[in-house]
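The structures come next, written out as structure tokens.
The following pair of complexes shares a single chain, chain A, combined with chain B in the former and chain C in the latter.
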Partner chain A sequence: MEQATTVAEGVRAGKALSLSKKENRLAWMLIGPILLYFALFQGFPIVFGLGIGFTNWVGVTSRPTFAGLRNFVRFFQDPIYLGTLWNAFYIGALVMFFNVTIGFAGAYLLNTPMKGKTLIRSIWYLPAVTAPVATTQIFLMFIDPSSGIANRALQLVGLEPIAWGYSTFWMVTWIVAYSSWRGIGGAMILWLAGLQSIDPAFYEAADIDGASGWQKLIYVTLPSLRNITTFVLITGFTGALQIFEPVLFISQAGPFGTTDVIVHRVFRDFYGDFNFGMAGAGALVITLIIFVFSLTTLRWYQVKEQ
Partner chain B sequence: MTIRKKIPWVRYIILGITCLIFIYPLFYAVGVSFMTTNQFATTPPSLIPFQRPLSFFHMRTLLLINTQREPNMPFYYLNSVLRTAWYIVWTVLISFVAGYVFARLRFRGKNAIFLILLMTTMIPPVVTMAPTYLMMARFPLIGGNNILGQGGQGFLDTYAVLLVLNLVNILGIFLVRLSMNTFPRAIEDSGRIDGANIFRVMFQLVFPIQKPILAYVAITTGVLIWNDWYVPFVFTDRPQFQTLAAAVSRLTSVAIGQYGIPDWPRIIAMGLGLTIPSVVMFAIFQRHIVSGLASAAVKG
Partner chain C sequence: MKRMLAIVAVLAAVATFGFAAGEADAPAEGPTRIRVNMEGYAGGEGTPEEIIATQQARLDGGELNANQAAETEWRIDYITALAEAADERGVQWEGVDWGWAEQLTQRQLNAFLAEQGPDILVGEVQMPGFARQGYLEPFPPALAAKVRAEVVPGAYGPMEVDGEIYGIATFPGVNVLFWNKDLLRQAGLDPDRAPATWDEWLDMVEQITAAGNGEFYGGGTYAGPNFGGSLRVGPFMMMAGGGFIDENGDVDFANEGNFEAFSFMRELAKNSPPGAVAGASEGGWWDALNQGRIAYVVDGPWRLAAGEALGIDIGYSTLPIPTGGSAANVTIGAAFYGVPTYAENKEEAFLFIEALLDESVQDLHVQAGQRPPVLQMYSQDADFADSYIATFHETLYGDVSGLPTFKGESNARIWDVFHQHMAEAIVTDGDIREILARAQELGEQFQGQ
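Showing the complex of A and B:
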């Protein structure tokens, strides 16, 4: 009797072992090719990209040489590179500010049962699905010096036309306007999802305590949104710091490079100048900034949660 | 009480005005597409951009009725559609299979691999810009390159380069895995007991139920690739290899230099050909986009 059970257990254990071996093989058979492709076409460029900044590499067919930190030293000494970093920061900060605040206001207004809610939400989000290469051209047409409606509108209210393309201030304004036009809807949908996930019981409790609308916003709504705030801040910052297409298509870093941003600079370094070393250095600097920001924000979130 | 009653109106007015602002650039683009280049250049711009007589010149090009002005227009559409379809199929398939495997099967190194995959999403795309270009140019044994990647063109100016990059979407894998966590195993077990093998379980039982999240992956990938001008612009030269988005980018001042006067109706009309399909797709699938985006944020 005893022997029988041991045999049975042995058989069962053996079967389980072979089953998990089979499972292991099956899993690798399914996921192996995917991982192989990923490692080659997506993983390798990342590793390569994090290292390329330490080389001196100009031209596609030339041989790279090891440059140590020379590219990074140049990056932090050259006012052009530091300028692009600073521009990315303040243009990104402006875009993020408008996206987050207007997006929140929109979500707050929409967070109620009302007619046409889906339609309004869709219209807000619509610009986000349009092609930047096409919609930047619409904005660019608006500020065409002779046939654009921006100057026409100024003329209609009796103001002098503006040479938009020759003013840093106005170019930044239009880049920010375009980026927010395209980005507010996404932020709004995230905020709205957050607002809708708040338990209505909290508001009922606040009503019983006689809280005003503002009090409810500050003491119920905002603390409940910490999760989504972290998400919006991290994705918003990451996206805003990497603004590229609006600069490339609307201002082309002009006038005189004063609206150049870091990602645009990296693109120019590698595609215009084929200076892969400097492009790699710029990319690594952005990566480090994004890492530091994301980790700090997550840390803040965890501290607040406790 | 009176304030409470007024609020819906204030709400509607504010939201209505914002909606007009969001829609206006697209509305204006439609108007300009119905002008000739001459009409646009010679008449002062108006806030309501419709001029008599309406010109269908650019619209004809867009609808492939008369492509004299853009002889390669059929290629642009074909390439855009092919490329978008290719990426949707692969991304959805890979996200589903990998997401399922990570959610359900036990295998060696599973958690470590998943963690590494997630970490790569933290790397900003700008990092891979230059390396991808070098890799495509010097890919061994492709396009006349020798084993060391020297001597030829690699993937540059080949059709393959339009199809070979970034087929794996980690966020898609992550979302499928996440959604599998709330999926009852009992359904799969009952399938297994009935004698179905794992592929039948995956594709006949699980796939139909995971459609909403896969629809989100499909539509975001589709819009991204449809709108992508960068890959054809940077990696290919031949006009027949351009997608519609890349063709528009080649009309912009980025490609033609700052000093030419842009042919606005032409650029805007071509841009509209790019925008309308995205907008239509969005209108059809907006429910999936909104819920997918929301779940990505709330759960992630």
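Showing the complex of A and C:
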């Protein structure tokens, strides 16, 4: 009897093992192609792109040679690289501020019972899926010095037209305005998802306790959104530091280089000077900054959770 | 895991052999067909037959206005003539359209990296740099001799390096002064009189601005912080004895010639709609011309036809020169054709370039009236003495150069520095010498890296 039990257990165990193998195989068959795709078309370029930061590689037909930290030393000694990094920080911070706050306000509004919510949500999100190359051209037409609507409007009310392109203040304003126009919809959707995941019982309890709308926002809504806040901050910061299209298409780093940002500099190093080494180093610096910010934010989240 | 690897190996093998089988199924190869990177004005995508069919379909569609229809008919004639000239030389070809400017340079960069791509490349400001960096083949001696004997020097001069020719613009542009005659009339000026000197030009420009009273301006030239700006400001720097590099090829921004040119450009810039002269995009500047808000512009030869197409009564002349200076120019919109070192069909590629210089092909540029032909025979022909060809050839025989490629590893960075400081010098009230000194310092710093 004992032996029979052992055999039966063995058969069951064998079946379980066989099932586990089958599942394993199925899992690999499902994941394998995408892993292969990722390794070939994303993993390799990422590793390669970061690796070339440690090489001296200038010119299309030249071969890279190991340069150690030379490119990084140059990066941190060059006022132009540091200037573009600072520009990305402060322009990105402005964009992030507007995306996060206005996005939250929009989500809060859309989370209340109102008519046409879906339509408003779609309209708000629409800019996020438009092509920057097309929408920036529309923006440029708006601020065209000769026939732009912005200057015509000023003249209509008796004001002098503004040379937008000659003013750092105005160029930063337009870059932030454009980036926020595109980014607020994305942030809003994230906030909305967070708001909708809050258990209504919390609000009911707050109502019973006689909490005001403001108190519910401070003591119920915001604490419940901590995980979404972390996500919005990390993705917002990542996007903000990598601000590129508005600079390339709207300001072209002008006026006089005052809106040049780090990703645009990397782009110019790579495609302008064919200086792949410096472009790689610049890209790696951006990656490290984002990595450190993400870790710090996650740590903050974990501490708050505890 | 082993099975997984086996599956991957099988998939890879299937893919590889699949592609190989696909190649084996391809029809037997005929004569070699070279691939020619072409630009938008006189090129197209595909074989000559395909380009012509595409253009014919546009014509048959009936949606083109008169100018567009005329341009399309011209394109068909041009491609037909080019195909015949190439065929006479035993060359079959197909066009590849990679766009222009930044997009084109990126694709060409990728072609150099991969060491494969079209057998002929076309481009503007990047081509002299490609020649200096050794990415292009020098013209074979026979073709080089033919070019020197028959072609105006400005068409190939910018592509000469150490006595070798690396490329040629077969319908080049140089900067010319254009003006809206109606605005000159409204300002009480003779619409057919071309200003001969900078002083005379500035005086006319200021008179037009005064007459326009905010409705229209005298204009001058676009000077934005990009190649569109430096291509048009460059001639003025050179005419005043300045320029971008010294005789050793080193960065030379802070010189007296440039100071004189930028001082003059600053005065001119006060005679344009706010923000138009140095906007990041050229669009605002050309809008102002097209809307009749500025009288003078500096541009390449296409502006004549473009202006006429908009109904602007347009005048043109060579650029005015400064007192004590001399005529000089920079090629603009010049589509230089060159053969990359990776090209598999170099012999055929050079024969194709020779076909671009065939009289039957060059005649079509005369007919189009948008770009000058490059054969010297046209400027020697009395029939063309009063035509736009004479104006452009006068310049193309003179001191014409392309924009330089700076020494060192940071050519693009130095250009960025120059462009930003050029715009600052022209449209702000800052001390021009101090701005040039800053540009010089940064330029030298990057040149040394």
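Just a few scattered comments:
The criterion applied here is as follows: the second predicted complex is superposed on the first by the 269 of 306 C-alpha atoms of A that agree within 3 Å, B and C clash if a C-alpha of one lies under 4 Å from a C-alpha of the other, contacts with A are read in each partner's own complex, and residues count from 1 in each chain.
Note that in this section a residue touches a chain if its C-beta (ideal position, glycine included) is under 8 Å from a C-beta of that chain, and two chains touch if they have at least 3 such contacts.
These numbers were taken from a predicted model, which means no experiment stands behind them.
Once both complexes are superposed on chain A, the partners chain B and chain C clash. Looking at the shared chain after the overlay, A:V58 reaches chain C, while chain B stays out of its contact range. Applying the stated contact rule after C-alpha superposition, one finds that A:P145 touches chain C and leaves chain B untouched. Of the two partner chains placed by the overlay, only chain C lies in contact with A:R74; chain B stays clear of it. Judged by the touch definition given at the top, the superposed model places A:R268 against chain C, while chain B stays out of reach.
In the superposition on chain A, contact is made by A:I123 with chain B only, not with chain C. When both complexes are overlaid on chain A, the residue A:E160 reaches chain C alone and has no touch with chain B.
By the document's definition of touching, of the two partners only chain B reaches A:F41; chain C does not.
Of the two partner chains placed by superposition, chain B and chain C are both touched by A:Q252.
With both complexes placed on chain A, chain A has more residues touched by B than by the other of chain B and chain C. Chain C is struck by only one stretch of chain B after the chain A overlay, and of the options 217-225, 235-243 or 271-279 that stretch is 235-243. Overlap of the chain B and chain C contact sets on chain A: residues 28, 60-61, 140-141, 144, 147-148, 252, 254, 269, 271. By the touch rule above, chain B contacts chain A in their complex via residues 8, 11-12, 14-15, 18-19, 21-23, 25-26, 28-29, 32, 40-41, 44-47, 49, 94, 97-98, 101-102, 105-108, 110, 113, 117, 120, 122-135, 137-138, 150, 164-168, 198, 223, 226-227, 229, 234, 245, 248-249, 252-254, 258, 262, 264, 267-268, 270-272, 274-275, 278-279, 281-283, 286, 289-290, 293-295, 297-298, 300. By the touch criterion given at the top, residues 25, 28-29, 32, 36, 58-61, 74, 80, 140-141, 144-148, 151, 160-166, 250-257, 260, 268-269, 271-275 of chain A touch chain C in their complex. Chain C makes touch with chain A in their complex at residues 1, 3-4, 7-8, 102, 105-106, 109, 112-113, 133-135, 225-226, 273-276, 278-281, 283-285, 287-288, 291, 293, 341, 409-413, 415-417, 420-421, 423-424, 427-428, 442, 449.
Those residues of chain A whose C-beta lies close enough to touch chain B in the complex are 20, 23-24, 26-28, 30-31, 34-35, 37-38, 41-46, 48-50, 52, 60-61, 106, 109-110, 112, 114, 118, 120-127, 129-142, 144, 147-149, 152-153, 181, 185-186, 189-190, 192-194, 197, 227-228, 231-232, 238, 242, 244, 248-249, 252, 254, 263, 266-267, 269-271, 276, 279-280, 282-284, 286-287, 290-291, 294.
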